[in-house]
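Just so it is clear, A, B, C, D and E label the chains in written order, and each chain counts residues from 1 on its own.
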Amino acid sequence: MQAGTTASKTLLQIQDLRIVYQQKNTFFTADQTVHAVNGVSFSIRQGESFAIVGRSGCGKTSIAMSALGFVKPSAGAISFMGENIWQLNRKDLRQLRPLIQPVFQDYGNSLNPRMTVNKIITEALRTQPNDRTQSDAVIQLLDSVGLDSGIRLRFPHQLSGGQKQRINIARALALNPKLLILDEPVSSQDLSAGVKLIELLNSLKQTYELSYLLISHNLSTVRLLSDRIAIMKDGVFIERGPAETLLQHPSDNYTKELIDASNLTNLSKTEQA
Amino acid sequence: MKRIVNIICSDKSLYAGSILIGIIIIFSLTGPLLSPYNYSSQNLSEALQSPSISHPLGTDYYGRDVLARIMHGGQITLGIALLATTIAVLTGIIIGLISAFVGGWLDRILMRLVDIMLGFPKLFIILLVIGMGYSSIGLIILFLAIFSWMEIARIVRSEVLVIREQLYIKSAEAIGLRRRRIIFIHILPNVMGTIIVSSVLLISTLILIESSISFLGLGVQPPNASWGTILTEGRIDPIGTWWISVFSGIFIIAAIIGFNLIGDGLRNILDPKFTENT
Amino acid sequence: MKTTHLIIVVCLVFALFSCDSKIKNIKQSSSETDTTEIADGGTLVIGVRSEPESLNPLTALSQTSRNIISLVFRRLADLNEDLTTFTPQLAKKWVFSSDSMNLTFHLRTDVLWHDNKPFTAADVVYSYQLQINPNVAWDGISYKANITSVQAPDDSTVVFAFHKKSLSMLMDAVEGYIVPKHILEHDPPEKMHESHFNRNPIGTGPFRFLGWKDQQTVTLIKNISYYEIGKPHLDRIIFKIVPDNLNLLTQLKSGEVDLVEGIYPKDFQGIVKNWDGGKSSVRPVSYMGRRYDFIGWNLIDPDTYQEALQNENTEITITDYIKPNKFFGSQKVRSALTMAIDRDALTNAVNFGMALPMNSPAPPILAAYNEDANIHWLYDPRQARKLLSEEGWIDSDKDGILDKDGVAFEFEMVTESGNVRWKQVATIIQDQLGKIGIRVTPRLVEPALLYGKMLPPKDFDAVVIGWVVGLTMDLAPLFHSSSFLTPFHFTGYYSPRYDSLDSASKNTLDPETAQKYYNDIARLLSYDLPYTWLYYRLECSAIHKRFKNVMSDKRGMYINPEDWWIPLNERNRTDKLFEG
Amino acid sequence: MISIILKRALDSVPTIIIGITLTFLIVHLAPGDPGIRFLDPSQPTEIQQVIQKRFGLNEPLHVQYWNWVKRILFHFDFGNSFYNGKPSSEVLRSALLPTILLASCALIFALITGILLGILAATRSNTFTDRTITMTMMFFFSTPAFWLGIMFLGVFSIQLGWLPSSHLTSLYHDQLNTIGRFTDYIQHLLLPVLTLGLPLAATFFRYIRSGVIEALRSDYILGARARGIGYKKILFQYCLKNSLLPIISLLGVIIPALLSGAVIVEVIFSLPGMGRTMVTAVFGRDYPIILAAGTLAFFAVVAGNMIADITYSIIDPRIRYQTRKNS
Amino acid sequence: MSLLTVENLSVINSSSGRSISILKNIGFSLNSGETLAVIGETGSGKSMLCKSIIGLLPPGFLCSGNIHYTSSDNTKTSIISAEKSDLLNIRGREIGMVFQEAAASLNPVVRCGNQITDVLSVESKIDKNKAKKQARKLLETVGLSEPERIFHAYPHQLSGGMAQRVALALALAGKPQLLIADEPSSSLDSITKKYYLNLLNRLKQENNLTLILVTHDVDEALSFADNILVLYAGCMTEYGRTGAIKKAPAHPYTKALLNIARALKEKDFPTPIPGEISSLTNPPSGCRFHPRCPKAQDICRLKEPPSIDISDNHSVRCFFPAETI
């Protein structure tokens, strides 16, 4: 079920990434500095799936946004296929962008409410040199994420959660990306629908030779989708390793706690805020 | 077309407003073609007749047919309001977009300008400007527009700032689309609903302001007449010549109500916050 | 709100001649055969449209201010209805010196200022000094041009000395209210327009100033030490400021306001109908006023004239820089335009009967008026068209507009914005000239622009406005070539014959010769038509009928306010509340 | 808190400077000349010059502007009225009181009416009561103030004669006792306040009604109800406080609207206030008064905006702690 | 003793002009001190069930059947037909509720502490200081370490977990017997979620609460509840003791859900249920689960399945329930 992680080349390389948010002074409060990411390094090889796991607010989403080119890091480098994306000019960045595609947690909001499914996907196809007719391409893309072509003329609000998430994926696929950044792809879905999505993502990974950067707080689903896992807390990685090893033999207490939390059978008396 | 009709029928106030405005527009545009009287031709021997069969809404001080004048006045009043609104809305959109996308000091300057312009009591400042002697129709339109674009600019700016942070715009950026395309194809259509609602409401505000200026004795010059100037002509003797001001007043109120209803209706349709069980 | 009265202030002309017989003055005022005894007390509420700007006779300009001032202040003597003789006021009597170069006034000695200081000859002298001080900028300064000095040999005698003999010497001397020296001597004259006195006047009149609530009321009360014993009868006069016409009339009907002047003819018609000999409580009062409306044509080409004005190096002489106006340069065209306007219909449409037709520069209230001397242009559009075609104005391109040498006969007719009547006149003329193929575009211009930037430099085509004439008349500022560069001479009319007639009429001391010259002037101007005279307006006022002994004539509404009174049984709530 | 208000006040300094400069330019660049009103062409030129000089209009524009600013800054003097020579401050002081009285009465009336009717209509949403109120309010929202004023005047003053048609007080006001004076004020203010207040009440009504309807459907109201909190408390404390927010943010717009409305209402009912002073000044080209009134109006609006901002952030804690991206 | 009895509860939404059946023939009873877990996928009508129990259905929703609640003083109330004032007495004081989105259920413009004192003062007219003290104590009880700070905080200043706890404190302020928790944990991360469930467990024991826990997490239900009610598209598919259901789920749907949960725990790859949940606006005929059911026969398409009692307190609505082992 896991992709081979043999000596394929490095796709994404992140070195000593630091992200600091300046909270501007407001009417009532003074300036604040928030260190969201505090020196994180990792790399993802082609075909590999790397997961960052941590509780909300640990800084994992900031890494994703920074890798997508939305949040400027205060220090460190993010290289994609050897190019430091924060040193590219706007045009080069625009050309690079299709290769890194996001699939957001908030699937509802990531589809333009005023566009039909067809329009949403053709917008993505615009940037690609097209050898097929657009409607064929759309149908094929929908098919590859397991959706019926009849869905093309619907608007996002007429779709179920699972369908929306699949459209998101289809749009990403339209660009022939190398890396998908999956921000909690299944956590707000029903279990069954979530499992189906994981199945789909796994098969797509094979078919299209994709790499994933997965971001989640839930170890039990991450396990199904990742080769390597990093545990993140307060802006730094506290432990990392191959998925199975890490889950079987966690060395850090925090990791243990996370693993423990996904098992509810032993509800104990310990509680913390 | 069918879709538009369907939309109009889907909301009661939109339906009522559209019919009201439809009637007023048709009345103003086709009326003059059907009326036997010209809005400006005088017949001093028939001056100040109360409503009768030959003059359904009576005649004014010069023996002009009030009905014909109100029909003509409709063209002027609605024309002024619509043109000024168009100019104001276009200006507002452009400035709002510039402010949102360029940001920085330009944004700050533009928004300060908006603050300043909003700070002027609108009626007073237009009164001041027109009272100072700039009173041709073109200038009235211009000044109405100059003092009306700010709301639209503000709305566009703040909506754009919100929408720009939405994930679907982030997705569009991640696709690698050009900025122009993102602005005009992805962002603007999402702001359009609010803009349309505010524009329609702006039309009614401008009709109100135009008639208020005319009420104070400034405004459109003869032989042209807006509803406001017709109303004011009748105000010299509101009881003896009631038909002049009453009928033009009714049209002013009807037009304003009509546009307000349309605005409300559109808001009901476009903004789920305002949805009510109908 | 708007009272841009450009008052033609002129030297005395024909005040000596009286020709009442020719004017059908409307009969009015106190024909009451009331035998009840005159009762003191009561309040008169006068509704006015704008707030007075100053109650100082030296700085006041608006009609409202002047009306209030006329109640608070007194002159040495007042002009009688014949516009010739005078009634003594602060002066008991006056005598000319044997050579007629000096005029001696003997003052009353029983007059007190409202602050109970005695009135003396020093006040008269000081008033004169202020009146002629250019820093005070009194608007009647030209009356005093012929006076060389004013001296007070003692407290009750004042002597005026003149440059030259003239028929207007008495009027020149008495013009202007007397102001208190003991108060104004503390104010520098150049600060007169900001003086405390402007809002707290002290006079010698029958009513004294009590209080002024901004934008609301100015209250006067009875001067108990007025020199005419037993007068005034009214306790109190309140000027109530109600800018809105509808509101004002409403209050007149409801009795909240007792007296309103300057009522629109249409409204006046209604008041007359309701009155119908005493059926309603509001009595209409109308009298010959001093206002007439006209169309002024620009006889010269504005562009050439502008060029001449720009050219600073050149001394502008009339003959060098005048090119006749392409439309109105010709007398024939002007007479055609005059004939194409149905002036009777127009007069009625805008005045509802409250105006008289007018054909000449001399208004009917003036002695110089002689209707027979005027040329009467009757409404005749056909003749008008004929005259125009004789002048070459024909509709050659069949677009409905006359043209000549490729120039279409279309022009702008400017008038003052805010004046409903003039707007109506322009609108009617637009229609009537349109019928003979002339396109007129009425344009409402803000007064400041009209009287500041358009008329004085003669930068216009045609104008509809009106004049308020003084009690005497002089046409020189309007038509004499010596006034060519002055603001009122906006038509650019130039006629050597007029110039000589005008000078001749002024130089003669024989009234009959002068009248002959005047007839000639009237005939000449009514033929030349620099103006097309439209109508002469009657003043329309209304007063509550409980006020008795109210007189009014061409001098105005406030001829004898100290004689007005209210019978005891007709006192209203306001009267009673004030009494106790 | 005080430093924040000060900072906000400093922020508005450029606003005020630009605003009054603009007013100055509009006034002074207008065609025509105020002096003309006072110039009698038959007078000697020396008198004309005296008048020109008196108004300072013979100077170049930038000098006039500088003199004006200097006078304001160093002497807090806006100059004397061209019309009656009174200091502007005095003219405005006497005009300010009636306008404040009128505007605040109208505002209070509008708030009470708007809120009560808004809540009534919202709680009876889509019933006959709701529709009747909503339609009536739509009418008032759409009716020009002058039309409403004329109608009130026509019906209650002219036809029925119940209420006085002008001024703030009766002529015999000073003769009345305390109760009489109070009733006298009420009688005089009733129609103007209604004319000015009803359209405003309709505006408030629309916001309150939709706000309360929205709030009634919101989760926190559901939550409060689930906690067993009574209906009245929910309506008047929970819903109202939340639906008042948009109205507070409107305050910045309400002040100019009130000023504009006051122009019309004061003209119709002959009230001696700011609006009428402004109109008279505009028509009479009384530059110092126009400029002083404009400046004052501007200050009022800026202050209104400031108060709105501060009140808003006090009432809505979300604003207080949020990064304000938008300004 | 049965605290809450629900019989034949059906809810119809008629606000949009046509009638949509939201809930159909729900019936269960809950004894004092027990925990009931309601599980089902999104859109199965779980929240509507909670709202009908507390009598807060949105306008336009019609309720039929019976909901009987027995108060602490042994008076019985029918929630559906109760007077407004009676409902006010029950809400908060007898039945407390924590909403799905806890943060949204807090008034955004009132400090948390004041919201709690508001509830406290509904019950009895206690003086302000006492109420404040009590509110702080409540905040402590729900495991908030800085009650003083939270007391003065506004809802938007709280993290998700904190908001959830404040909402819980609010629900407990009226000292209810029955607490309804509507998906309290679905928006929390796994560690917070576990803390929260532990807290709930403790409070339940300390206050002898009866609990209705709504969740879509089968694991959570299994480890927490005494009884389980499975909803599918507004229909009750299975109801029974946790042990019985865990051991032998009778309905194919329950079985599938349990399978997924088990697989995740045992680190197998789970088998998802094919298809999507049926829509309520246009439900399939017969058994609503039949389009996704591996065992579906013709009869499932035609008829609504009857309720079959498998054992005491274990019923299922299916034509072909799995055999009890």
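The criterion applied here is as follows: contacts are C-beta pairs under 8 Å (C-beta built on N, C-alpha and C of every residue); 3 or more make two chains touch, one makes a residue touch a chain.
Just so it is clear, the model here is predicted, and its values are computed rather than measured.
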| item | value |
| --- | --- |
| Most remote chain, CA-based centroid, reference being chain B | E |
| Result of counting contacting C-beta pairs for B-C and A-E, higher pair | A-E |
| Centroid spacing, where centroids are CA-atom means, of chain B and chain C in whole angstrom | 45 |
| Geometric centre distance via CA averages, chain D-chain B, whole Å | 23 |
| Averaged-CA centre spacing for the pair chain D and chain C, given as whole angstrom | 40 |
| Between chain A and chain C, centroid-to-centroid distance (C-alpha), Å | 89 |
| Multi-chain contact residues (two or more partners), chain D | 31-32, 150, 158, 267, 279, 283, 321-322 |
| Chain B residues counted as touching two or more neighbouring chains | 131-133, 235, 238, 277 |
| Chain D residues touching chain B - in the complex, by the definition given at the top | 14-15, 18-19, 22-23, 26-27, 30-32, 125-126, 138-139, 141-147, 150, 154, 158, 210, 213-214, 252-253, 256-257, 259-261, 263-264, 267, 275, 278-279, 282-283, 290, 294, 297-298, 301-302, 305, 325-327 |
| Touch list for chain D against partner chain E, complex | 217-220, 222-231, 233, 238, 241-242, 245, 315-318, 321-322 |
| Contacting residues of chain B [partner chain D, same complex] | 111-113, 115-116, 118-125, 127-129, 131-134, 157-158, 161, 204, 208, 211-212, 215-216, 231, 235, 238-239, 245, 249, 252-253, 256-257, 260-261, 264, 273-274, 276-278 |
| Residues on chain C engaged by chain B in the complex (per definition of touch) | 245-246, 264, 266-267, 270, 342, 345-346, 348-350, 417-418, 420, 423-424, 426-428, 430-432, 442-446, 448-449 |
| Complex contact set, residues of chain C against chain D | 1-2, 4, 6-10, 43, 45, 50-54, 59, 61, 134-135, 137, 139, 141-142, 190, 193-195, 198-199, 213-217, 238, 240-244, 246-247, 250-251, 253-254, 256, 418, 446-449, 451-453, 456, 477, 486-488, 573-574, 577-578 |
